[in-house]
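Here come two complexes built around chain A, the first alongside chain B, the second alongside chain C.
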Partner chain A sequence: MLTYVVRRLLYSIVVLFAASFIIFFFVSVSNDPLSFLRMQPTASEITIENISERKHLDEPIPVRYLYWVQDMFTNQFGTTTIGDRPILPDLTRVMGHTLQLVIAAELIAILLAIGIGVYSALRQYSAFDYSATTFSFVGLATPVFWLALMLQVLFVNIYLWFDIRIFYTANLSGIDPGTGLSFLLDRAQHLGLPVITLAIASIATYSRFMRASMLEVVNSDYVRTARAKGLHERKVTMRHAFRNALIPLVTIIALNLGALLSGAVVTETVFALDGMGFYYYNQLLLGDPYPVMAWLMVVATLVVVFNLVADIAYGILDPRVRYD
Partner chain B sequence: MPEPVLSIRDLTVEFKTEDGVVRAVTDVTYDLFPGETLGIVGESGSGKSVSVMTMLGLVPMPPGKLVGGEALYKGRDLLKIPKKELRNIRGGEVAMIFQDPMTSLNPVFKIGDQISEALQTHRDGLSDGDARKKTIELLELVGVPYAERRYDQYPHEFSGGMRQRAMIAMAIANDPTVLIADEPTTALDVTIQAQIIEVMRAAQDETNAATILITHDLGLVAELADRVVVMYAGRVVELGDVHTIFNSPRHPYTVGLMNSLARVDLDREWLEPIPGQPPSMISPPPGCAFHPRCAFSRGRERCRTEIPPLRGFGDGLAHLSACHFAEELEAQHVTAALALEPS
Partner chain C sequence: MTDQPRRDSTVLAGAGAVSADPVGVGTDLNLTYESGLELKARSQWSYARIRFFRHRLALVSLAILFLTAIVALRPGWFAPEGPNDQDLLNIAAGPSMDHLMGTDLLGRDYLSRVIFGLQTSLWVAFFVAILSTIVGTAIGAMAGYYGGIVDNLLMRFTDLILTLPTLAVLLAAGAFLGQQGQSLGPISISQPMVIALILAFLFWTQLARIVRGVFLSLREKEFVEAAKASGGSDSRIIIRHILPNCVGPIVVTTTLVIAAAILTEAALSFLGFGIQPPEPALGNLIAEGNVGGLGYWWLVTFPGIVIVIIALAVNFIGDGMRDALDPTQRVRA
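Right, the complex of A and B next:
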């Protein structure tokens, strides 16, 4: 297993190197980094010239690529074209917020979805199963932005009618959240609605997977064998069926996490939440390529890492999968 | 005659399917005596396994439905006793070997642990160490080499034959009084089948369990069984000791089975298949379910209208057949056999 992980990490370096070149090349040719400045009447020709020189924009793309790679390792991914802000601190900040959002939402979603999925499968075609199925289809069919807006409307109205303020706007970096319990309470109030929004979509997906794989497993021969041994039904389900049913779900969750950490773009945008997705969206609007490229690089790394996590988790759960 | 250890009485089970209600077994009755091996033969879908599966509570209900009957084990009706008591019997006094060893073992647990689990379920307070020791003994008994090492392997590291050995070890772990083998060799290739038959024999000798052998392999029946139950379309059509069934069958279906069997004791040019297909279990033919395929019915009305009861011949209830014209069949079969005699 260890050899496998090391080997995969080495492959990952190659993959990320290739990714970095593709990212840099395509982003560079897609937009003139100075177009935004050129449209500003206040930006003088001299200023633009200076920036161009400082960022080596007059050089050919391969040379700029090398400067960029150098910045990536030694200089916090370089600075923004406009404002000359270092990029890495901003990325770290939004990453932190997204992590809080995604971890909270996914934890809730995974626990609920496993419960719902297993119970649905064990009580197939019961009222509970039908309700859960309906909820899942509605959840999957509901556009995230709409759900987010409706939640906002709901809680704003609760505030207006009953003067109860449960959730706050998602201005995460405004004031110091404190530590310990006060930190948790502050995050719960700020992140509550985005977490609910994200969790609903995840619950809908995961519970369907859990139900399907559990159904497949409870009708399998080895579960019948377990029952024929005289095991208690609870042990049959939890030991023999559940462990097997979990395998496909773990893969899906690990892959999904990689995607979610790149920011739930829509959710974060609707809630103006200062996370990965919102950051990316804003940088695209500004048309500054350097933050966009830095963001893409971080996301590429995350995807590679979570693919590896998925494979390792798979190997731990399923003895048939061995990587040596 | 000794007391039977297991008596199935008038067992009727239905399944609800999308196309209608399937009556999987109808009025199935047979006894299992201590120490004997009872073969249950019939083609796929004839209800061979359903009677024992129902008895052990392994048929999911719904879609299955118990319509009536009893399954008496040591005088207690297994169909009526509380779930907890049935669990204690299942895997303990009555154990099963399943058809497909490839899918019948849990892929994510070690082989040894799966057998130990069977031991520990039925023996309170058996320590992990003792269970391991006993499991290794069992694995050695069924002929798994390097049992100590193979205890810690997973099912995918075992071959089909080795897995079936492990299944047998699991089944005999608690010294069962009744051992049920549901097509134990069907999923294995022929060379392995012979080995597994030997293991089955060893297992029987070790536990002295009465065995029900469910199979469509008449060769296996001839090899292992003392008495035979022949099933067709969910009913018992013939029951008798193995020599009677093979030498003087009294039901046209059994005769058909024998004629379609390659035998070294008869020099035959051709094997004769039974014409037609097994009947639909949703709407079985009226009267005798076998009559559309029967070579002896010759369009007689009684076969189409009246369901033949299972009735005895000569020496009491040792040989039973469900054919209206079973007596006639004897003469028929003898001439047929004579015609096949080498000239």
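Right, the complex of A and C next:
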């Protein structure tokens, strides 16, 4: 087990470095981070030359890459090309917002999806089952950004027509949210719509998995045995079927969490929410390799870690799995 | 709950029709038995076809997709107006009989723009599917067939791409490479095709793994050994003997790739890193509509509905194909 984890991690480090070089290469080769500055009539040649020299922009790309690696390890991902703004504080701030969003959305999604999945498996082909299936098929076919927009359209029109203003996402970190109940209310206002968006998308996926794995378990031999020895139906469902049906879901959730921490890009951008995804989107528009690379490294590490967590969790929950 | 295969009166044969033949003369197409039942020997393909046609939803979806494909192939025939024709008396008008999907802020008929956008989006999805299927099959087949170091190298490469955070890498690639058409020597690639190439570059991995798995298990089988003994070359064995066994998973994965490609391309174009504005695509139509403010709800709603319908149809077809091409499923005849 330990050797497996260590080997996976070592391999991941190699992968991360290879990926970082490829991405750095493409970002640097196709883009000039100073283009915005060059367009400014007030920026003098000397300023541009100075920045270019300080940021080693006139060196060949492999050398620039090495400078970047050095900056990553010794200088907390370095600073932005224009303005010399340290990257790490920005990253931690947006990370905090994304965590609030993702944790809230996933908690809601997991609880609801488990309920929906189990109930539709126990009442297969019932009206509830059919509606749940329809919901998740439509959910899987709906682009997340469009769902987010439609929610915005809905609430904007509610505001325009009825003058009721709920769920505004702007100014997330503007006012101190306070603590306790006022914190919760403030977050509910600001994060309500993004959380609903992400939760719907996740429920569509999770409830399908839950239903499928519950169905498989309910029809298996040991559940029949449990029934045959006269256990109460609730006990059969909860103790014998449900717990085993959860195993595949844990893997999916772990994999999805890694992706969500980065993949909320679309949702956050639609709602202009000051999170990881929106940060990345803005840095891509600026074309500065340093923040883009810093973001990618953090997210890639998270993805790798959550992939590993998924594998390990599967091994712990399912004793038939062996690592070697 | 058990899923009893329903039987109707004309055909009583299950998938085991040939093996039910006691003498082993499985070549006759019509075998009459003492019991008087009529048995029909069918190929795996005809079973697959029967199973697919029983899947109502998949069939309807196929019809819908077929219609959209025709519309997308010849948008000029179906669009009431050109994609850039302006109706200056009806600027930003809601849906009406004149303009079924309303008009945008420049007075362009939105239905026409959606139809032309559909063309771009479907072409991109189609190219992504073709490219990623070819690459994924080739890499999976080579890795699985040759094994050893070839397998190791190819699969490590596949793993590398699988570990990349897909959407983030796509955004970066779209932002830095895909803003305009590229040219590779004499070949010039149009901007939507660059986006298709970028998508295909990340979408082949799953198929490669599946194909590799099938090849790994089949290359040890007797029929492959026989083909080798009778002097078949590697390429012949791969293409003629083993590859036909992977058609099921390949077809299913390809349909899923189409759905993923449509959704991902829409997201990329919406964020402005996909297909660029003069070219209408479903995603950037939604982005354009969004610019006008959310009061113009029709500009955001209709292209999205089109995306949902196509993605739903493709998913249902994929589902039907999966059921149809799985030889362990009994035909419900």
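Basically, the second predicted complex is superposed on the first by the 299 of 324 C-alpha atoms of A that agree within 3 Å, B and C clash if a C-alpha of one lies under 4 Å from a C-alpha of the other, contacts with A are read in each partner's own complex, and residues count from 1 in each chain.
Following the convention adopted for this analysis, a residue touches a chain if its C-beta (ideal position, glycine included) is under 8 Å from a C-beta of that chain, and two chains touch if they have at least 3 such contacts.
All figures in this text were calculated on a predicted structure; none of them were measured in a lab.
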{"item": "Touching partner for A:189 - first (chain B), second (chain C), both, neither", "value": "neither"}
{"item": "Partner chain in contact with A:301 - chain B first, chain C second, else both or neither", "value": "neither"}
{"item": "First, second, both or neither for A:287, with chain B first and chain C second", "value": "second"}
{"item": "A:145 touches, of chain B and chain C: first, second, both or neither?", "value": "second"}
{"item": "Residue contacts with chain A in the superposition, chain B compared against chain C", "value": "C"}
{"item": "First, second, both or neither for A:52, with chain B first and chain C second", "value": "neither"}
{"item": "Which superposed partner A:133 touches (first chain B, second chain C, both, neither)", "value": "neither"}
{"item": "Chain B versus chain C as contact partner of A:76, first or second or both or neither", "value": "neither"}
{"item": "Doubly contacted residues of chain A, that is, touched by chain B and again by chain C", "value": "none"}
{"item": "List of chain C residues in touch with chain A within their complex", "value": "1, 159-160, 163-169, 171-173, 175-177, 259, 263, 266-267, 270-271, 273, 283, 286, 290, 294-295, 297, 300-301, 304, 307-308, 311-312, 315-316"}
{"item": "Interfacial residue positions of chain A with respect to chain C in the complex", "value": "12, 15, 18-19, 23, 26-27, 30-31, 124-125, 137-138, 140-146, 149-150, 152-153, 156-157, 160, 219, 258-259, 262-263, 265-266, 269, 280-281, 284-285, 287, 292, 295-296, 299-300, 303-304, 307"}
{"item": "Contacting residues of chain B [partner chain A, same complex]", "value": "56, 58, 87-92, 95-96, 98, 100, 103-109, 117-118, 121-122, 154, 156, 167, 170"}
{"item": "Residue ranges of chain A in contact with chain B within the complex", "value": "220-232, 240, 243-244, 247, 317-320"}
